[in-house]
Each structure stands twice: as structure tokens, then as C-alpha cells.
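Both complexes shown next keep chain A, but they swap its partner, so chain B is in the first and chain C is in the second.
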Partner chain A sequence: MRIDIALNGLQTKELTFSYQVFAEEEDNSMQMKKMTALDHVDLFIEEGSFVAILGHNGSGKSTLSKQFNALLAPDSGDVWVYGNNTKEEGQLWKIRQSVGMIFQNPDNQIIGNLVEEDVAFGAENLGLPTEEIISRTRESLAAVNMSEYATHSPNRLSGGQKQRVAIAGILAMRPRCIIFDESTAMLDPMGRKEVLEIIKELNQKEKITVIMITHYMEEALEAGHILVMDKGKIVLEGKPEEIFAQQDYLYEIGLHVPQSVELADELRKRGMDIPLSVLNLEDLLKEIPSL
Partner chain B sequence: MSLSVQNLSYIYAKGTPYEKKALDEIDLEVKDGEFLGLIGHTGSGKSTLIQHLNALLKPTTGSIFFHGQSIYEKSFDLNQFRQKVGLVFQYPEHQLFEENVFLDVSFGPKNMGLSEKEVKERARYALDLVGLDPSFDRRSPFLLSGGQKRRVAIAGVLAMKPEILILDEPTAGLDPRGKTEILDQILTLHKTEKISVVLVSHSMEEIAKYVDRLVVLSKGKKRYDASPAEVFAHRQELEEIGLLVPQMIYIAEKLNQRGFCLSYDLHEPKDLAEEIVRQWKAAAQKERG
Partner chain C sequence: MLKDITIGQYYPVDSFVHRLDPRTKLFAMVVFIFCLFLCHSWLAYLITGIVLGIGILQAKIPISYLLKGLKSVFFLILFSVSLNLFLTSGEVIWQFGILRVTKEGLSVAALMCIRLVFLMLASSLMTLTTTPNQLTDGLEKGLSILNKIKIPVHELAMMMSISLRFIPILVEETDKIQKAQMARGANFEKGNIIKRAKNLIPLFVPLFISALRRASDLAMAMEVRCYRGGEYRTKMKPLVYQKADYFTYAFLGIFAIGIVYGYVWWKQ
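On to the complex of A and B.
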């Protein structure tokens, strides 16, 4: 069978992956067991898109995202990152350079004594000339609105600022895609807003492909496309309005809909005419008549 | 009043160039049987304050009284105090260590010097409170889901039968269902066991839904101490100190500027929708009639 491999995006075919865990059997003995984390996942993420991945804890979201920069390799099936198969070891550097990751805890991702040193670290490891590293560091800090902190110590920044520094470090490596794995989970409301704004800008202005894993349903409204995972499979896929129209099913698999969507739905049920395309608070406010 | 903080200040790294006033003349009371919320942006002093409530930090100036007695007196039994005021840290599941769930929850009561029988009773009691039935007892805590792990960690504190339970962001990193389950369980044990709860959270929606009274910190100072509806009426001031109001209150405020008269107590979309439509229909009828 011939498979067409897309060069302009991330693609998986029959991707299956399981973890080995030490678990108790029915007879109380402890045995190594296979736990399937990804179950025949087929998907394609187009270059330049903004995709949110939703799913309850343990549904396979993070495992999937780690396949995209070859931190994990499939047990069976394939993952192609811009046409490069993650199983081929010779491609690892290329793949990891093109797909950057930002994790939950900013403190685990920062290593430099100064903000600019931290941002330069990844670019330095690419073996670039000094001038190039300096100019990339400067541009990356500007892209996350952190230029004025270049010579500050990272440990005195707020959580949102630290995450922005971590993002700048990835940007300096000029990735085509950035994966945000619950990157706002530890931030306060303003920090979350700051980071989300930057994520949107990177996608719109810099044309970077964004994959955002989140437990905040409100954040998923910003994405162009949503994937919903359950038990290692992709169970729903579509635009935000298509996904959040399936309230009952989402509740069944441990998710919610944003409160704004819930409110629109409740108003509709009570006879107010609110279009189905209305998802966020500001749009909803426009649809409610003044008294 | 069970726990009373009076005029408390705490200065980090005093006498060094990094000196910072983390808490600035805080007065706070945790009354018997109340569900108190504590909010503030990162660095506002929340964590420093709750570490004082559990006597993990000593204030630079000021005092704390537990049932009328100063906790800084020499004769005061701090060990017992820490059992009475249970503190659940952020990501408490990182502190799980035993080979099975039951042993992990037994650790606290065992260290209290209780008999084996009592330790077992306490562990069972605490696990029941967080909704983990005996089928979990012999399972490794490390192989549970995120929400289950967190419940084991909370049970470990509940096993010491605290009068006050302080939770630092108990829902961070959990999926929506996990969040609701944990908070509903905390609300239940607050009601049935009459435990006072102090909830620290970044989710304004959670705060609005669960707490009776809300304290807001900013730059180490107490800015508000009132009911959630009263506090959230100060949207602009809250935004200035890095906080947002719950989404339903945001909607209510905007609509009130356009002729509606909506209360800030309606934190469920269903309840707010009901009220919006009621007022909308009443206005339409008035126009016609």
C-alpha cells in the first residue's frame, strides 16, 4: 500500500503506542501490563493551523503531542513531521528543531541566569554564528513582549512572564510548529490571558502551526480546529462550534463546554434567538437585546 | 472564631538588597464552619499567608490566635495545631510515597501516635470522605488518575481530622470533571463534617460557585473581604490588580449597563439565562401592554 506523505504538515497513520506499567492482577500479584495510550490514530495537521486538543486526564493528549517531536516513537504505525518519519533516527535533529514544545511548569524549563541567556540557549546549541544568535534572541523576545526584561533574572518574573521567556527560547530556534502542553495550567487569570494572546499572535503573524493541549474549554474557542480524545482515540474533530454543539457527549467523556456556550444554549432554550455560531462572551453580548 | 490573624506582616530576606514585604498588616478571621475563598495574582502573598496559617512561617510582626490562644507562645502545642489546621499544598500528589493507597493515608495518623486500630479507622474514614472505596486500598497511588491521586493526598490530611482545611489550588491541572468532583467532595465534607475550608484558586468561576466569603490579596495587602457578589462588583479594580471576574458576572455587569437588573449571585449559566429571559419578556410585555 502506498501512503501519500504530506510535506506541509504533521501526519499520523495507524499510530499506536502503549506504556508498560506495573499493575496489580486479580490474584493480587504484581505484573507488567501494557496500557494502550494511543489507539490507531490517523490525523493530519496542516501547516499554519491552530489546533486545540481536548480530553480528560489520561486520554492520550500528551502522549500524542510527544510523538510529534519524537520524544516518543510509535509501537506501530507512523508519524511524519513535514515528511520526515520519526522512526528514522537520522531525522531526529531536524524534527526536534521544527517542532518545539512548551510544558506546564515554567520553572522546569528555564536554565539561564539572565532572560536573554535563557532565550539564546537553544539557538546556541544549533551552532549558529554569534551575531545570528544575538539577533534571533532579540527578535524572539520582542515577539513575546519581553524585550525590556532581557537582562533581568528569570527567577523574579511572574508565571506568565516565565512562560513567555520559555516561548521565546523556542522561537529562537525558528520552529515551524509549537506544541503547548497545558502551558497555562499553573498561571493566574492575567498570566493565562497574556500567554494565550502570544499564542494567537504567533499563529496569525508568524504563521507558526500551533497545537494547544488544554483543560480550559474557553481557550479552545480561540483555535480554528479542535480534536477531542478519549481512550487513546480521536473521537471528535471539527470547528469549535461543531464540537461544542455536542454538549451531552462532551460531558459523558469528562469534558465541559465553555460557560459562554452554555449560557447561549440556555438562552436559546428559553426562546431567545441566538445564532449557533455565537461562542464567546463578546459575541454573545451583541446578540442579547438591550432593554 | 477559631483562627484569627492580627496585624500580620512578613518580610522576606530582611536586611538584604532583596528585602521584600510579602505580607503587609493582614487581619483575617477564619470562622467556625465557613467556606472561605482566597484569591490574588501570582506573587500577591497568598502562599505566604497560608503557610502562616499552618505555622510553617513565623511572621516578622503580628500574631495568630487559635481558639483565643496565641500560636507563638512557648506553651502552645504546634504539633497538635498542625493536625487541626490541615494544609494541602499545590500538586499534593507529588508527596505521595507509599506502596499502596491505604498506607499512604495512614501515614499521618500513625505519626500522631494512635493505636493501629485507630489508624485504620482514620484512614478508612478519610478515604470514604474523598469517595475512594476499599477497592482502591491496595492499589499503588502512582497508577491512579490525576484526580484520584489528588484525592488520596487530600485524604492523607483529612485522616488527621482537621478543624480547618486549607487547599492551595486543589484543581490545578485536572480535567473539567476531575475539578468538579474534587470541589463537590470538599463541599460535602465541609457540610457533613463541619470542617472550615480555605480555598485558594485562580479560577474565579470556582470561587464564585463555592465560597461564602472572599478575601482578595494584592501586593501583600488585604484589598477585599466580603461576599463574592460584593467583591466581584469591583471589576475594574480587580483587573488593575491582575484578576478577572467570573464570566457570568462579566455578562451581568455588561447587561446591567443596558437596562437589565441582574444580581451577581447568578453564577450558573442556567440561572443567569432564566433571569435574563424573564426580564427581557417582562420588558416586551410592558411595551405591548
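On to the complex of A and C.
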């Protein structure tokens, strides 16, 4: 067990969190009840990595992500963001600046009435000088290929474009890590592809740590590391090929595997020799001998 | 219906008035309207009209476009004109039953009509040449003195700009819910006014729930981006007065002094 606090990543120790919810009792009375969302989570996410968090609804994955930028504070245990404990009041703005977050609904996270105004919003909140805000806004819009829309109204953009604007808004704050909380769930396939390309690029070129919470197993294949959550606990952790090799267990906790993995598995059962490291469709096609 | 209201709709051209600082325009509008209510002679109205005309010409907004905005207040103008026309006592020039038109009534009604038209033109001139964002920025900075008496100016301006951002989204959402409820058999057109109002309940309940959910999401997105009120914030486009603004203030000052002087003279 790691006891020393890592400065180059996100770390949790014994992290526990529960929600208070109204629930109906057997005698029809409403009672406040505790719902455990996170149950003694220990993990470490290294700087510059690309991590996907999988889990069915209510497994605690969104709650976990909200712990990383101090939107929620742990009931017990600790969260360290680049060495700063999220419980310490004084570190709050530093933590929020270094860990950005993109949510599901593109409409509900755009604050500005113009694209460039929205991108500048975060930088403005940091109290930066005007020239710095302008240059960061320009750079961030260029990074998500949205420069030509700088003076457009966000209302006319497509879902994928809106999500890219939201990403630019986070980038303008120069974060070290960005959390994508099902950010592609409300997008059409084209928009999803656009956003995923940007995410990959940010991770590879800008060396930004990416934590991606998703329902799409195909997206999880892009990650270097996968965490699987169930009932507030991390139940599996490892490389995509290690995770998707455990098909039966994933089904048991309400998840499935990517179609390409399923296909490879079926082919293997029928005697074809396909290595376990083959996960995505392109690699699989190369393995299948042409007829 | 929402399309007909010219107030609040930006007319995007590049002009002297468009480039003015929003604070200047806000102040100019307030001063202009104040002066308008001090006008009691045809000469004063003529001067006011000329000043307004210069503003409109400088703004490069087609007169026909401006006049379209008057349509929405046509009945208000008609109402106040007819009240003034028929209820002012004085020298009778035309009578039909209890309706009677007096010479004084005629002139009061005409002046009232001009006053209302000028009022509308002045306020739409401002909103047509100022984007809602500039307007909120202008209000925030122009009224920042009110911070001293504990009025949260920044927060109010932020609320205003967020509501402007969400108006089109909520309009679209209303439309969607309306269609969804109609598909389930709701009828929004039938029945008397009370029944129709009742029919709107299945429209407003989902709309409110969704608006509250959006608000909660938005608050979280703002927190993630380090929003903590206006205290530490800087601006990407801070408002700075230019030469044109000082010139406008000077011009406005001369106009206001003239009108006030005229009013004092008229009182005596």
C-alpha cells in the first residue's frame, strides 16, 4: 500500500462517500437513508495516462470523478490531487484549476453567449491579465479546431462542436488532467468521433492526463488503463486486453465487451488462432486470413 | 410572436453608435428619456427629435426596421392617445354623444404620441446597437458603485447574461414538450381561457423540472471552471472609454442642459 503522497498524479486512500437520499420504507413512510457510493477506494492515476472508468449506472464512477476536483469531499479517507489534499480549503482553486471536467449535456455547461466568451470564462475566473486571456482563448480554440467559430453563438453549433467548445474552455485554464464524465453519451456517432479524436490528441500531444467515464466499451479500448467499478468499489483494474478477457465477470456486473472482442472470442472458440491482444476491429481484420 | 419584438434584438452592422461603450449608450438612453419628459413645447420636441435622428442616422439602422419595433406597442400608443384626446377639457371642436374632442386634447394627444414613439425609438436604438453581453457588461461596470451599498451587481449581471443564453434553449424545449404532450392527447387550443390555462400545466411542470436540472448542471460546470463570484475575475474584453464616448457625453450634456434650461424657463 502506498502511504507516501504522490506529487505526479491523482491518488485516493480509503476513500468512502455516501449520499443522503429519501427512500420509501416498507410502511410507506419516507426516510432519509444513506446510500454508499464509494466504498474504501484506493487508487493511483499517473500523470499523462489515459484511464477509462467503466461501470453500470449507480456503480459510483461519476461520484469518484467528482472527488478529483473537490466538487464532493470524502466522508472518510483522502484524495490527493498532485499532492494537494481536497479536504484543505486553501487548495480548492488550485485543484479545480489543475483538474478540469466535461459533463454529459453540452448545452448545460456553456456559460457564454459567444463561443470565445465561453472559452474565456474559466481564464477570467483565474484573474489573469487581459492579453493572457485572449491568447489562451485563441490557442484553446485552435487546439479543438473551432477557431473559425470564435464569434458564433453556441446555440447554432452541433452537439460535437459544443463539447469541443466546452473542452476549449477547460483547456484555457491550463489543466494537468481532464475528466470526461460520459461526455459523448448525448452525441451522434459523428460528434462522438470528433470528440474522441480531440481527447486522444490532448493526451498524446499535450500530455494531459485523461480520465474517461463511459458506457461505450469501444471508447474504453482507446484507453491505456481501465478501472471497472461495481457497488462503489474498484473490482477490476488493468490493461484493456486484461479487462476484456474476463467476459463472464463483466456480464455478471452488468457490463459487456466491445463487439470486436466478442467476435474475436467466438472465432477463437471455433479454432481460429487470434492473439488475446487483438481488441479493435482493424487489428482483428488483419488477423483473419483473407478468403 | 417572440420574433416581432425588436427590443433586445441586435442589428449587426458596424457604425459609430455600435462601437460606443455600452455604458455611454445606457447613460445616453436614460438622459434622453429624462429629457423627453421635460419637453413641453413643440420646439423642445423638435430639438429632441433632431438629436434622436442624428443617433439613428449614425447607427446605420434602416428606419423601416426601427419602425417595425413600434408595432408591438401600437395599442399602448393608441390607448393613451385616445384617453388624452377625449378626456382633456377645454375648447370643444367636435362632439358626438359623450365623446368630445377639444383643442387642448388634440395637442396633448399629439405630443403624447410623439413622446411614446420617441421613447420606444430611443430604447430600441440602444438594444439594436448593443449585444446583450455588452449590455450586461455595461450594467455591471456602470452600476458597480452600487456594490458599496451591498447590492450584488456582478451576480445580477451574471444572472441576466445566463438567462439570455438559456432563452432560446428553453423556447426550444417548450416546443418539444408541447409536441410530446400533444402526441399524448393534450389539447392546448380548445376550451375557454380558464380551461386553456389549466391545459398548460402539463407543459409547465416538465419545463420547470428540466430548467432546474439545467441550472444545477450549469452551477456545477461553473464551479469546475473556478467561478467564485466577481471578486477575483478579470475580463477578456474590459470596457474602456474611447474618444467617441467622451464626445458623445459632451454632446449629450449640451442637449440635456438646453432642455432643462428650456423647462425651467417654461415653468416660470
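Observations on the structure shown:
As a working rule, the second predicted complex is superposed on the first by the 289 of 291 C-alpha atoms of A that agree within 3 Å, B and C clash if a C-alpha of one lies under 4 Å from a C-alpha of the other, contacts with A are read in each partner's own complex, and residues count from 1 in each chain.
In the analysis below, contacts are C-beta pairs under 8 Å (C-beta built on N, C-alpha and C of every residue); 3 or more make two chains touch, one makes a residue touch a chain.
Remember, it's a predicted structure, so these values are computed and weren't measured experimentally.
In the superposition on chain A, A:173 contacts chain C only, with no contact to chain B. In the superposition on chain A, A:21 contacts chain B only, with no contact to chain C. When the two complexes are overlaid on their common chain A, residue A:155 makes contact with chain C while staying clear of chain B.
Of the two partner chains, chain B is the only one touched by A:255; chain C is not.
Of the two partner chains, neither chain B nor chain C is touched by A:90. Once chain A of one complex is fitted onto chain A of the other, the partner contacts of A:185 are limited to chain B, with no touch recorded for chain C.
Legend: residue contacts after superposition of the two complexes on their common chain; A:121 is shown touching chain C, with no touch to chain B. Legend: residue contacts after superposition of the two complexes on their common chain; A:137 is shown touching chain C, with no touch to chain B.
The interface of chain A with chain B does not overlap its interface with chain C at any residue. Considering their complex, residues 41-43, 138-140, 143, 145-147, 172-179, 202, 204-205, 242-244, 247-248, 250-251, 254-255, 258-260, 269-270, 272-274, 276-277, 279-281, 283 of chain B touch chain A.
Of all residues in chain A, those touching chain B in their complex are 21-24, 28, 55-58, 104, 158-160, 182, 185-193, 215, 217-218, 251, 254-256, 259-260, 262-263, 265-267, 269-272, 281, 284-285, 288-291.
In the complex of the two chains, the chain A residues touching chain C come out as 69, 71, 93, 96-97, 100-101, 103, 105, 107-114, 116-117, 120-130, 133-134, 137, 154-155, 166, 169-170, 173. Of all the residues in chain C, the ones that touch chain A in their complex are 131-133, 161-162, 164-165, 168-169, 214, 217-218, 220-228, 232-238.
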